[in-house]
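Structures for review follow.
Here chain A shows up in two complexes: once beside chain B, once beside chain C.
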Partner chain A sequence: MTTQELSATSGIELAQASRSNLWQDALARLAANRLAVIGIIPIVLLFFVALFGPTLTPYDFLAQDFTARLDSPSREHWLGTDELGRDVFSRILYGARTAVSVGLVSTAISLVVGLIMGSLAGYLGGRVDILVVWLTDVTRSMPALLLAIVINLTLKVPLEAWMEQLYLETKNTFFRQTMWVDLVLVFGALALIQWPGYARLIRGQILSIRSRNYVLAARALGMPTSRILTRYVIPNAMGPLIVAVSAGLGGAMVLESAFSFLGVGVQLPIPSWGKMISDGLRMWQTHPHLLAGPAVMMAVITVSFAWLGDGLNDALNPRQWK
Partner chain B sequence: MSVLLDVQDLQTRFKVRQGYVYAVNGVSFRLEEGETLAVVGESGCGKSVTMLSLVRLLPPAASIESGQVLLKGADLLQLDQRQLREVRGGQIGMIFQDPMTSLNPFINIGAQMAEPLIYHRGMGKKQALARSAELLEMVGIPDGETRLREYPHQFSGGMRQRVMIAMAMACEPAVLIADEPTTALDVTIQAQIVELVKALRDRSGVAVVWITHDLSVVAGIADRVIVMYAGYVVEEASVDALFEDPRHPYTVGLLGALPSLDGDAHRLTTIGGSPPDLADQPTFCPFHPRCPYAIERCRTENPALEAVADATARGHRTACWVDIRELQSPVVSGS
Partner chain C sequence: MGQYILRRIIYWIPALLLLAMVVYALAFFGAGDPIKLMFLREEGDVTYDAQRLDAIRREKGLDRPFLMQFGEYVWHLVRGDLGMSVISGRSVNDMIAATAPVSFQIGIATVILVALIGIPLGILAGLHHNQWIDNTILGSALFISGIPSYVVGPMLMVFLVLGLGVMNVPYGWDGLFSRKAILPMFVMVFGSIAIIIRQTRAGVLEVLSEDYVRTARAKGVPEIMVILRHMLRPVLTPVVTVLGQMLIGIVNGAIIVEKVFGIPGLGRLTIDFTYGVDYPVIVAITLIGAFLVMALNLAVDITYPFLDPRAGQAMTGIED
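Up next, the complex of A and B:
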């Protein structure tokens, strides 16, 4: 019997042959995962809002209306107003921008650092490997929040002084905006906290893929190292990395909120969900809407990222491929 | 026939926590054009390390300490990385033990098979894919064009090994090194793979080095056999001479462990223990602790590979102090 005849008699064979691309395959599996699809919706919305937030908001996030302080949700102010009469909904939308930019930038920084350190450790091995692993151990041995607080306390004042000096030298008002100091410190702290995770993941991936038989087979076919890296090692390392980045993005946003909640994250006037939660907490008994808005937002996004990460993990895990 | 591959005094050792493990200890052999050489021995005898040493595909802990690997007169151990890549896949094709993990799961069979053709032969992508389809049909996978678009997980183990063989043979190498290609397969598939390699060999004239621990496979495919133990070649003979007139106790042990169709049913003999990891160049025969024929000299001197006296066939060599034919029954070793 030829393959075609076999295909005709058993539909399974045919269905298998028609599925060709592994990425399409993974996408199909992801689309079949209901939780992951539900999770994608808020995430897409979040990114959309982060991009276009300021044009979507009914009010400016800084506009204060003293005639409408601490208003409950109404037709004018969907989620009410805060102590200074600022529209909570507008501030949440603008806070999405903070959350997304912090998530993206800190994840990008830690990913790049992790990629370099992890692949160096994986490829070179020996002393470089020991050094990198030791560095990741040292970094991970410190509690994340404590590390952020230490960074904030020790670096903020000198950094602000340095910017002030730059302003005096250049007369460029850019250097007067202290919110950049906050952002840089938050990015730096988050990157410092997160890079060891990526570095170890990539190191492990490279170590395991480097000893795979198909890499040996490719070398036995005379493929050059660069080709083996781009065609064999990197694509096979992508799955776990995508999952880690998806989880890492959500994690970075939560951490940023935690920093802001504790007062070591971005400072006013930039809206941050963590800061809004911490402000709202002071009067949640009388004005629960101040806490509820950002807290619900935070919860939805965190859960969405967790579901998406989970779905990606299932979709990209080769052990589940049949 | 002229000598294609001439390996002389190859030594490879592994660096371990305390010192070295000597995996290949002065292995020499020749491969003639169109010849099939079987390399047999238990796991851990240095068969695979020897073959990986030829094309320097060793893990980082291993190093080749001395020797020459002359392929058509050029020493592979002296080539730079670039020249070496030309040899790998171009002059020497290799197939490995586990076909299930030997293909990259992320790219389809066509792209994978086209790689060596594009790289070694400078073919265009279209041309390489067309050739790949031909190669698939050549190794007995029908409907090559369709199957090129499929991924490794859509192929069975036997099919994958056929793909590996097609890739190894793609650039028409002079030597095909098969490192236990049938070990991970079902017995029926094993026979098919052996037949396939034989057919390809007969058609293309490629010389084959077939590593195995399965002597029944050897009888079916090889012209000559070398038996390895603890990184040494302990016996070398034509396949008939080896089966009819084995001279090394280890070879006798391996043959004794083989079930036979004729004769009375009897319990298969085994060789007790396992091969040693040599931490130093031994001053004894590495097989003597497991050898039923061992004499005092075996404990103090390591025998060299020498021509067998009054051999029935030419080129029969063994490394043993004892002429085992003189002994009616094995003496029980004291150790």
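Up next, the complex of A and C:
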């Protein structure tokens, strides 16, 4: 900085140069974190299975084999079969699809809501800010599982009645699938639980970045707001946001399973790991393989997300104490 | 200070009211007809005469408009009456009084155990920064923090009861100091300990390079006294703030653990009674959950200045 002439252009160039380095540095730091690299493998596999699940599974997730009910793991059924003779391994692979799609969609919804609310609060300030912060406080003071239970129990009946009415009016069988009602309720509950975290993060980022000296300098030099946003605010807010999204994605999958475990999630016949665990829990003393398969799977995925999230946090927020 | 507490409490009232209203409205408009459900449960079918249903509805005051019923509910709530369960006909206060002590015992015992085990482990890890002790503790904390309690609980049962055979089936509740409490408590502590370990460790790392720690060591103060006298307080200050976060995890964990191990606490009450769409019970439990979280956050904010006098001066409003 000492010999450089301070002009707007050199400032931008400097920012660009340091920005590309930031991402390269972050990638290098992530690659150096052994646990994070190990954690990436199951997550990549999970997404792969979720995408290509139907072509990979040895059996259909609904196919029942009454000659092989409650079988222990064998060569034909790697993880055994359940009480209806359905292949547990195939159901776990299909469950990956439920977990990933619920995780992605609900994270996307809550991220959009959080982005809008957080930027409104951060930019407009004043009463809007107070209102948004208050709303996030209220929402966050509700334990997530209680919230999900309340939403599911109260909205399921009217939503189903509404769908049935739509079916009667349009005769479109699409409205007959109650699966959609479950999915909408689970997405809604997850989005409601998760948006305050994103909103607060984005609000905090905006408040802190826009008072930084480099933003003040850019403004003093007459840089338009849109360019300040794209050059400084967004790139600098990206790191914490990526960390939060990765944690949120894992968190959404854990919650989805927890809902199913409590009986307020996606109902059968779509397999969900949480539902499989709670079903397995009914017969765990005689047929522990029903419980062990989905539980081990869930443990591997959640630990992977924790490791990757930790690695991302260290890589993208280097200033933070480890 | 008193003014601050008062302002915080005033700040809650609209929050609790909003929550009560939203949950009550959800239950009121969405949950279906509790009278019909009550009949379905007791008599097996709904081929009743509508007049009888209407009579019961009128008797219970369920035919009045939403705002009137909600207003009455709030009025009773202010006087500490949580209403009557529509289905069981029992007072919600009694139902909660019967189940809450179990949940509170579990919650408080979890916090104590987590603090007693987690803080020393965190300090140990911080003092041996980047050595094998640190790596082991941090690695296990990271491992533990990932696995949800509905996985840990059942897997431990399979492992201990079927695999090793060292335990009978832990189902039910004989009080906190009985053998049946060991596994549920373990799962609860397991679920929340990582956050404390990591926070304590981070605090120790920050304090280690402070001048006063170096001075104390240079003066020849024994290491144990350096830890107790000079490091513990600044390290504990941020740890206390994490307690608020932990509580939400504990409430969620308790719902799961109570289901897995068949413990008759608030979590079980939630699961059992919400299926009957008994809205006084749903609203009451929701409000208690939210109230607990808010109250604990306030308690944390009040203890903060005692640990860190600097924070007392800065405490002017509700900030991030």
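Assume the second predicted complex is superposed on the first by the 298 of 322 C-alpha atoms of A that agree within 3 Å, B and C clash if a C-alpha of one lies under 4 Å from a C-alpha of the other, contacts with A are read in each partner's own complex, and residues count from 1 in each chain.
FYI, a residue touches a chain if its C-beta (ideal position, glycine included) is under 8 Å from a C-beta of that chain, and two chains touch if they have at least 3 such contacts.
Since the model is a prediction, treat every value here as computed from it, not as a measurement.
**Q** Taking the superposition as given, does A:P158 touch the first partner, chain B, the second, chain C, both, or neither?
**A** A:P158: touches chain C, not chain B.
**Q** Where does A:M142 make contact in the superposed view: on chain B (first), on chain C (second), on both, or on neither?
**A** After superposition on chain A, A:M142 lies in contact with chain C alone.
**Q** After lining up the shared chain so the two structures overlap, which partner does A:L104 touch, if you call chain B first and chain C second: first, second, both or neither?
**A** After superposition on chain A, A:L104 lies in contact with neither partner.
**Q** When both complexes are superposed, which of chain B and chain C contacts more residues belonging to chain A?
**A** Residues of chain A touched, chain B against chain C: more for C.
**Q** With both complexes superposed on chain A, which partner does A:A217 reach: first (chain B), second (chain C), both or neither?
**A** So A:A217 only meets chain B here.
**Q** Which partner chains sit in contact with A:R231 here, chain B, chain C, both or neither? Use first/second/both/neither.
**A** After superposition on chain A, A:R231 lies in contact with chain B alone.
**Q** Considering only touches as defined above, state whether A:G125 meets chain B (first), chain C (second), both or neither.
**A** First partner only.
**Q** List the residues of chain A that touch chain B in one complex and chain C in the other.
**A** Residues 321-322, which sit in both footprints.
**Q** In the complex formed with chain A, which residues of chain B make contact?
**A** 55, 57, 59-60, 84-90, 93-94, 96, 98, 101-108, 115-116, 119-120, 142-143, 146-147, 149-151, 153-154, 164, 167-168
**Q** Along chain A, where are the residues that touch chain B in the complex?
**A** 2-4, 16-17, 20, 22, 125, 211-214, 216-224, 227, 231-232, 235-236, 318, 321-322
**Q** Which positions of chain A touch chain C when the two form their complex?
**A** Those in contact with chain C are residues 35, 133-134, 137-138, 140-147, 149-151, 153-158, 200, 203-204, 250, 254, 257-258, 261-263, 274, 277-278, 280-281, 284-285, 288, 291-292, 295-296, 298-299, 302-307, 310, 321-322.
**Q** Okay, in this complex, where on chain C does chain A touch?
**A** 11, 14-15, 18-19, 23, 26-27, 29-32, 139, 142-143, 145-148, 150-151, 154-155, 157-158, 161-162, 169, 202, 205-206, 248, 251-252, 255-256, 259-260, 270-271, 274-275, 277, 282, 285-286, 289-290, 293-294, 297, 318, 320
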